[in-house]
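Structures are listed in the sections that come next.
The following pair of complexes shares a single chain, subunit A, combined with subunit B in the former and subunit C in the latter.
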Partner chain A sequence: MVLVLAIGDLHIPHRAPDLPPKFKSMLVPGKIQHIICTGNLCIKEVHDYFKTLCPDLHITRGEYDEDSHYPENKTLTIGQFKLGICHGHQVIPWGDLDSLAMVQRQLDVDILVTGHTHQFKAYKHEGGVVINPGSATGAFSSFTYDVNPSFVLMDIDGLRVVVYVYELIDGEVKVDKIDFKKTATASAH
Partner chain B sequence: MRAFDELKRLELFFKDDSKHGVSVVDLYELVQHAGNILPRLYLLCTVGSIYIKSKEAPAKEVLKDLVEMCRGVQHPIRGLFLRSYLAQISRDKLPDIGSEYEGDADTVMDAVDFVLQNFTEMNKLWVRMQHQGPGGVREKREKERSELQDLVGKNLHVLSQIEGVDLEMYKETVLPRVLEQVVNCKDDLAQYYLMDCIIQVFPDEYHLQTLETLLGACPQLQPTVDVKTVLSRLMDRLSNYAASSADVLPEFLQVEAFSKLSNAIGKVIEAQLDMPAVGAITLYVSLLTFTLRVHPDRLDHVDQVLGACVKKLSNIPKLEDSRAMKQVVALLSAPLEKYNDIVTALTLSNYPRVMDHLDIGTNKLMAMVIIQSIMKNNSCISTADKVEVLFELIKGLIKDIDGADVDELDEEDFKEEQNSVARLIHMLYNDEPEEMLKIICIVRKHTMVGGPKRLPFTVSSLVFSALRLLRQLQGQEGDIVGEEASMTPNKNFQLLTQIIESLSAVPSPELALRLYLQCAEAANGCDIEHVAYEFFTQAFVLYEEEIADSKAQVTAIHLIIGTLQRMNVFGVENRDTLTHKATGYSARLLKKADQCRAVYACSHLFWVDDQDGIKDGERVLLCLKRALRIANAAQQMANVARGSGGPVSLFVEILNKYIYFFEKGNKQITSSAIQGLIELINTEMQSDSTNPDSVADAFLASTLRYIQFQKQKGGVMGEKFESIKL
Partner chain C sequence: MLKGKKLKLPDRLGSLVAGFEDKDEDSGGSGSVCELGEELEILQPTGFRSDRESETDDDHDHNEVQEEEPMVKRKMKADAELEHNGRQPRHEKDGSSHISVIKTIEADEKRSDIEYEISQKEINLEKLQRIASTGIPEGGNLRATVWKLILGYLPPSRDLWEKELSENRKKYAKLKEELLLTPSELARMKEEAFQSNEHNNAHSDTAGPLIRHEISHEDHPLSLGKASVWHQYFEHTEIAEQIDRDLQRTHPEMKFFSGESSFGRKHRESMRNVLLLFSKLNPAIRYVQGMNEVLAPLYYVFSTDTDEKNASNAEADSFSCFVLLLSDSVDHFCQQLDNSSVGILSTLSRLSDLLKANDEELWRHLEFTSKVKPQYYGFRWITLLLTQEFNLQSILRIWDSLISSPFGIQEMLLRVCCAMLLCVKSRLLSGDFAANLKLLQHYPEINIEHLLQVAQDLTPDTSYYRMSS
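== the complex of A and B ==
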C-alpha cells in the first residue's frame, strides 16, 4: 500500500490565503509516501510546507508559479504504475479530456495527473486514467463559479489503484472513492 | 542550625522532670543566672518552651516575657538567629483558635501581638546590618542580608497560618502594623523583600479587600525600591486569582480593583521621573493582563491602559531600548491573543497611537503579528471602516515610511511580508457588493502607493478580489436598484484595468498579460464584447512589446490561445482579427518545435464543441497542414545541421490532432489523410534507424493502439475508423 497525494492549484497568496483548516489538520507528515503537485502553488512557502509532509515531492510548473524552474511535465514510476504530471495550461483546449488523453499517450503513462481547471475529475479512457485533483483551496477559477476545495489521495496496491477524493462542501469534508484496475498487458512496450 | 538541634536535645532533657528533679518554674529562674547573655537567652527560650507546654503559666505571659527579654541581644546577626529560634519553638505553642493553649485570658490577639513584635524587632536588627562595619563592603553586606531575609519573612508566614487571623483582623491589625514597620524602616532592601513577601504569603482575597491600604504604602517607599516589580507581581497574582474561578470576579468589580491599580501605577510613574521606559511599560503590560483576565468585556479599560502608555511614550523623544520595544509588542499582542478577533482590537482608539511610537522595524514586526493573528483565527474583516483602520495599522508593510531604509531589508523577509499582505487581502470580505466595493477601493488606495517592489505581490490579490466581486454582482443582477448603478460591471472592469495598469511601473508584463486574460474571460461571462476585446488587445500589446524571452513567449501565446478558444462573446469580425493575430504569432515563435505546437493548438480556435460553437473544418485542416509543414522544415533543418533526424514526435502529435478532429466529425479530414500521415511517420522513423527515438516509438504505438481500440468499438465510431488501414 503506497499513498500518493495529488494536489494543486492552491494559488496562494494570489487567490487564496491558505489551505482550509480542515484540510490542514488532515494532512499530517509521515503518512504519505509521495506527493504529486500539478502546479500553481504559487510561492516557496507552500513548496516548503509540502516538503514537510513528505520529502518525495514532484511538481510541475503552473503559469503563476513563482519558481519558473519547475519542469513542464514529469513522469515517475510507483509500484506497477507509471504516472505523469502536467499542469494543463499547455494543453488546449483546456480541460478537454481527449486532448489530455493525447498527452497521456505521449508521456506513455498509466495515470496522468493534471490541473488548471480547478475541477475534480477522474476519467478512465482507453490509454489509462486522467485525474484532476481540483484546487486544494477552492481558488477562483474562470472555468466555474462553484469551486469546492479538493485534493486526491491514491492508494496504489499492485495492479490496483483506489482514488480517494476529498472535497470540502459547505464546511464539511466529503470523501468519495473510485477503483481502477490495470490490466497487466496494457503497459507492455 | 546545628546548635538548634543540640538545643532540642537539651529541651528533651529539661522536659523530663524525673531526670533532674527540678521543676519547670525553678528551671526558668535558674537559667537566668547563666553568665553570658546569648547562651542565657537561648536556654531561657528552650525552658520557656517547656514551661508553656506544661501549662503551669498562661502561654501569652511566657511568650511576652521571652520576646521582651530577647531585646538584650542587640547584635544584628546574633539577635536574628536568636529570635528565629524563638519563632521556631513558639510556633506550635501560639494561643490560636482551637489550639490547646487558648485559654480565657489567652486569645488570638496575643498570638498576633507576639509574632508582630518578634517580626518588628527582627526587621530592625536586619536593617541595622546595613549600617554596620566599614562602608566599602556594601555589596558583601547586602549579599549577607539577602541570605538572611527568610528569617524575617518567616514571621509573616506564621501570621498567615494563624487560624484566628481572619480578614477583619488582617485588615485592622496585621496589615497596618506590618506596613508601618515596612515604611518606617526606610531600608530599600527590606522594603522590597517585605512588600513582596506580604503579597506572596497572604491570600489573594485579603489583598483585594485591602487593596487601597496596600497600594497606599507604595508611594511612601524609598525611591530606590523596585516598586514596579512589586506591583507587577501583585497584579499577576490577582490576575491568576481571577482566572482561577468565575465566582471571584464580582469581588473585583466591587472593590474597583482596576481603577485603584491604575491610579497607583500612575502615581508611581509620576513620582519616579527617571524610571526607564521599560519599567513603566512593563507595569502597563501587567495592568493590561490584569484587566484582560478580570474584565475582558471592558474595552474602555484596555483603551485606557493603552492611552496611558501613549502618554508615557510621548514624553520620550525616541524610544531606542530594545527591551522596552519588546514590552510594547507584548502590550499590543495581549488584546489580539485574548480577543482572537482583530475587529475588537481595531476598535481601541489608542491602539494605532501606540504603534506610531514604535520604531520602523518593531512597527513592521507588530504589523506581521497582527496579520498572523488574523490568519490564525481565520478572521474576516467585513466593513470598509475597519479595513481602513487595519491598513493604517499595517502601513509600515504597505509603503515606504520616511526614514526607512528599504535596501537594508533582507529579500526573503521582504517577500514574506508582502506575501502576508497579499494573503490578508483575501480575509477582507463582505456579502454586500456595495460594501465590498468600498473595501476594494480602500485596499487599492493603500496598495497603489506601495511602489514597484510591492505591486507584483499585492496587485494579483486585489484583481482576484475584484473578479470575485464581479461574480457577486452578476449573481445579484435584477435585484439592483437604480441608485446602485455605481457598481455596474463596466465600472468594475474600469477599476480592474486601472489596477493592472499599475504593473507597468514595475514592470511586470507577464503577470499583467495573465491578469488581462482573466479579465477577458470575466467580460465573456458578462457578455460584454467590446470590453473583452479591449482586454485581448492589452494582452497582445504586452506580448508584442514587452515579452521578449522565448520561453515566456511560448507560455504566453498558449495562454492567449487557450483563453481565446473559450470565448463565445465575439462576433465574426473580432474573432477573426484575434485568431489571425494568435496564429500569426504562433508561427513566429523562435524554435520550430514551439511554432509547430502553437500552430496546431490554434486549430482548436476554429472548432468549439458547443452547440453554437464554430466548427470550421477547413480552417482546422489548414492549421494542421501548416503545422505539418513546420514539422517537415524542422526535420530537414535537423538533418542538415546535425546529420540526424529531428523531432519525430511532432508528427505523432499532429497525427493525434488529425484523429481528434476526425472523431469530432470534421469532414475535411479523411481517413486516407490519416493513413498517409501514419506512413510518413513510419518512413521517417525507419530512415532514422541509427538513432531510434524510443519515446516517439512508444507514442506512435499507443496512438495506433487507440485507433485499433476505436475500430473495435463497433457502432458509428467503429465504422468511422474502419476505413483506416493499419
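== the complex of A and C ==
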C-alpha cells in the first residue's frame, strides 16, 4: 500500500496566496510516501512545504517555476507501475489527449501525470492512463477563470491503483474514487 | 604446621584437598571438624554473597543418595571452608560431578512426576502447581504445557485440549484478519467479494475517461474522521514503529530474537503481530515500552516446544497467554491509574509494607536513612515481571514459581521483590542513596533457588487485607 500524492499548478504567489485551508488540514506528514508535482509551484517555499509532507518529492518544470533546475519530464517506478511526469505546457495542443498519449509512449510509462490545463482529468487509452490533478489552489488558467481546486492521491497496491480525487466545490471537499488494474497486455512493451 | 592442635581432620580429606596446610595464616575462625560443619550451615542462607550458583545449594537432595552423602558433605565443607578463606577449592570437578548426578536424578524424577500429572485425563492443577513452583525441568515441552495449563489457557480435562486449542487459534487468526490488515487490502477484499460491474468495466480495453465513483468522507486515505479505517490505521503506524524499535532491542544477545536471519525476523514479526493486536484491543493502554520484554519469555517457551503443531502456533498461544498473564497487572501500565488503588504506586507501597513486616531494620534504612523509595527501583521490577533484572534462563525459573504460586502472580511477585531486597541486605545497609540505587537498578547475579526459597518463606503482610474489600 503506497500512497502517492499528485499535485500541481499552485501558482503561489502570483495567482493564489496559498492552498485552501481545507486541503491544508488534510495534508499532514506521515501518511504519504511519494509526491509527484507537475510544476508551476512557483516559489521555493512551496517546494519546502511539500518536502515537510514527504521527503520523496518529484517535480517537473512548469513555465513559471522560479527554480530552473527542475527537469522537463521525469519517470519513476513505484511498485508494479511506471509513472511519468510532465508539466504539459510543452505538449501542443495544450491538453490534447492524443499528443499526451504520444508523450506517454515516448516515456514508456503506465501512468502519465500532467498538468497545465488546471482541469482534473483521468483518461484511459491503449498506451496507459493519463491523470491531470488540476490546480491545487484553483488558480486561473489561460482558458478559464472558473477553476475548482483539486488534487489527486493514488493508492498503489500491487497491480491495482485506486485514485482518490479531492475537489473543493462550493467550499466543500468532495472525494471521488477511481480504480483500475494494470492488465498483462499493457505491460508488454 | 597445622594452626590449631584441635584440628582433627579425617585422613581422606587431608589427602584429597592438597594444599590444605597453606591456608594456615588466614585461617581465621576455622578449627575442628565441628566448626567446619557449623560454618557450612551458616554459609548456606547467607550464601547469596557468593556468586557461585553451583554445588552448595542442593543440601536437601543429598538425603536421597545415602552412600554418597558423607563424602559429598565433607567435600562441600572443605570447599566452603576454602572459599570462605578466599581460595578456589581444588578438586571442584570431582565434587561437582557428584552434585550434578544428584541434580540430574532429581530433575528426572521431577520430569516423570510432571509427565505423569499431565498425562492424567483430569489434571490435578493444585498438585501440578506445587511441583512446578519448585522449578520445571528443561527439555521436551513440559514448561510450555505446564504454563498453558496453570495460566488457564488449556482446560484441565485432557480431552478438551484439541478443541480448545484449535478454537483459540482460529479466533486469533480471525482477529488478525480483522484488525491487522491495511485499509487498501480491506477495500480490495470487499470489492472482490462484490464483483461489481464497474470493476469489470475497468478491465475493458476501450479508451475513454475513467469512471468516477463518489465516496463518503471516511473512505479516503486523508480522512481525519475518527471512525475512518484509514485514520485508525495511521494512528497505529506510530505504535507499530515503536514496537519495531523495541523488538530490535529485545534480548540482543540471543539469535532467537535478534539478527537479520529469516529466523530472527520471523520471530520478531510474530511478536510484532501479537503486540499490535494487543494494543488495538486495549485502546486505554495501547502499547507501552517493555511489553515486548514480558512477551519474550512466553513466546520463546512456546516456540521451542518440541511438539511441531504447538511450536508453529506459538504466536496464537502466546497472545492468549500474554493476555492471561497481564490480566491482573495490566493497570500498572496505565499512566492515569498510577495514583489509584489499582495503580503501580499502590502496588509499590504494598511492597514497602511487605518489607516492613519482614525486616524493619532494612525497611527503615531504605525509606528514611538512604531515602531509596520503591518507585526508583521497583517500577521496572513489577511492571515487567522481573524480565529486565535477570537473564532468560533465570527468568524462566522465576516465572515457574510466579505462575504456579498459590498466592497468585502479583502476590508472589511482591514476595520475590522483597526477597531480592533481603538477599542484598548487608550491601544495602552499608550503602548510601547512590550506591543503593545503583545496586538495585543493576541487580547482581544471585542463586535463584535461594532467592525463591526466601520469597516462599516470607511473612505475609496482612495490613492491606483490612483495607481491601
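Simple rule for what comes next: the second predicted complex is superposed on the first by the 187 of 189 C-alpha atoms of A that agree within 3 Å, B and C clash if a C-alpha of one lies under 4 Å from a C-alpha of the other, contacts with A are read in each partner's own complex, and residues count from 1 in each chain.
The working rule: a contact is a pair of C-beta atoms (placed from the backbone, for glycine too) under 8 Å apart; a residue touches a chain by one contact, two chains touch by 3 or more.
Note that the structure is a prediction, hence the values are computed from the model and not measured.
**Q** Please tell me, clash or fit, for subunit B and subunit C sharing subunit A in the overlay.
**A** Superposition check on subunit A shows subunit B and subunit C fit without a clash.
**Q** One more residue to check, A:I35. First (subunit B), second (subunit C), both or neither?
**A** So A:I35 meets neither subunit B nor subunit C here.
**Q** Applying the document's definition of touch, where does A:L153 land relative to subunit B and subunit C: first, second, both, or neither?
**A** The answer is second: A:L153 touches subunit C but not subunit B.
**Q** Check whether A:E126 is in contact with subunit B, with subunit C, with both or with neither, and answer first, second, both or neither.
**A** The answer is both, since A:E126 touches subunit B and subunit C.
**Q** So in the superposed three-chain picture, is A:D179 touching just subunit B, just subunit C, both, or none of them (first/second/both/neither)?
**A** second
**Q** Name the contact category of A:M1: first (subunit B only), second (subunit C only), both, or neither.
**A** So A:M1 only meets subunit C here.
**Q** Could you tell me if A:L27 is touching subunit B, subunit C, both of them or neither one (first, second, both, neither)?
**A** Only subunit C is touched by A:L27; subunit B is not.
**Q** Where does A:V162 make contact in the superposed view: on subunit B (first), on subunit C (second), on both, or on neither?
**A** A:V162 contacts subunit C only, not subunit B.
**Q** Return, as a multiple of 10 degrees, the angle whose vertex is the Cα centre of subunit A and whose sides reach the Cα centres of subunit B and subunit C.
**A** An angle of 80 degrees, rounded.
**Q** Please give the nearest C-alpha separation between subunit B and subunit C in the three-chain superposition, to the whole Å.
**A** Across the overlay, subunit B reaches subunit C at a minimum of 9 Å between C-alpha atoms.
**Q** Which positions of subunit A sit in both the subunit B and the subunit C interface?
**A** Subunit A residues touching both partners: 126.
**Q** How about subunit A: which of its residues touch subunit C in the complex?
**A** Touch list, subunit A to subunit C: 1, 3, 25-28, 30-31, 121-126, 129, 153, 155, 157, 160, 162-166, 173-181, 183, 185.
**Q** Which bits of subunit B are touching subunit A when the two form their complex?
**A** Those in contact with subunit A are residues 375, 378, 415-416, 419-420, 422-424, 426-427, 457, 460-461, 464, 467-468, 471, 514, 518, 521-522, 525, 551, 555, 558-559, 561-562, 565-566, 601, 604, 608, 649, 652-653, 656-657, 660, 663, 695, 698-699, 701-703, 705-706, 709-710.
**Q** So in the complex, which bits of subunit C are touching subunit A?
**A** 182-185, 187-188, 191, 199, 202-203, 205, 207-217, 219-224, 234, 237-238
**Q** Taking the complex as given, what residues does subunit A use to touch subunit B?
**A** Where subunit A meets subunit B, its residues are 12-18, 21, 43-45, 63-64, 68, 89-90, 92-94, 98-99, 101-102, 105-106, 108, 126-127, 140, 142, 145, 189.
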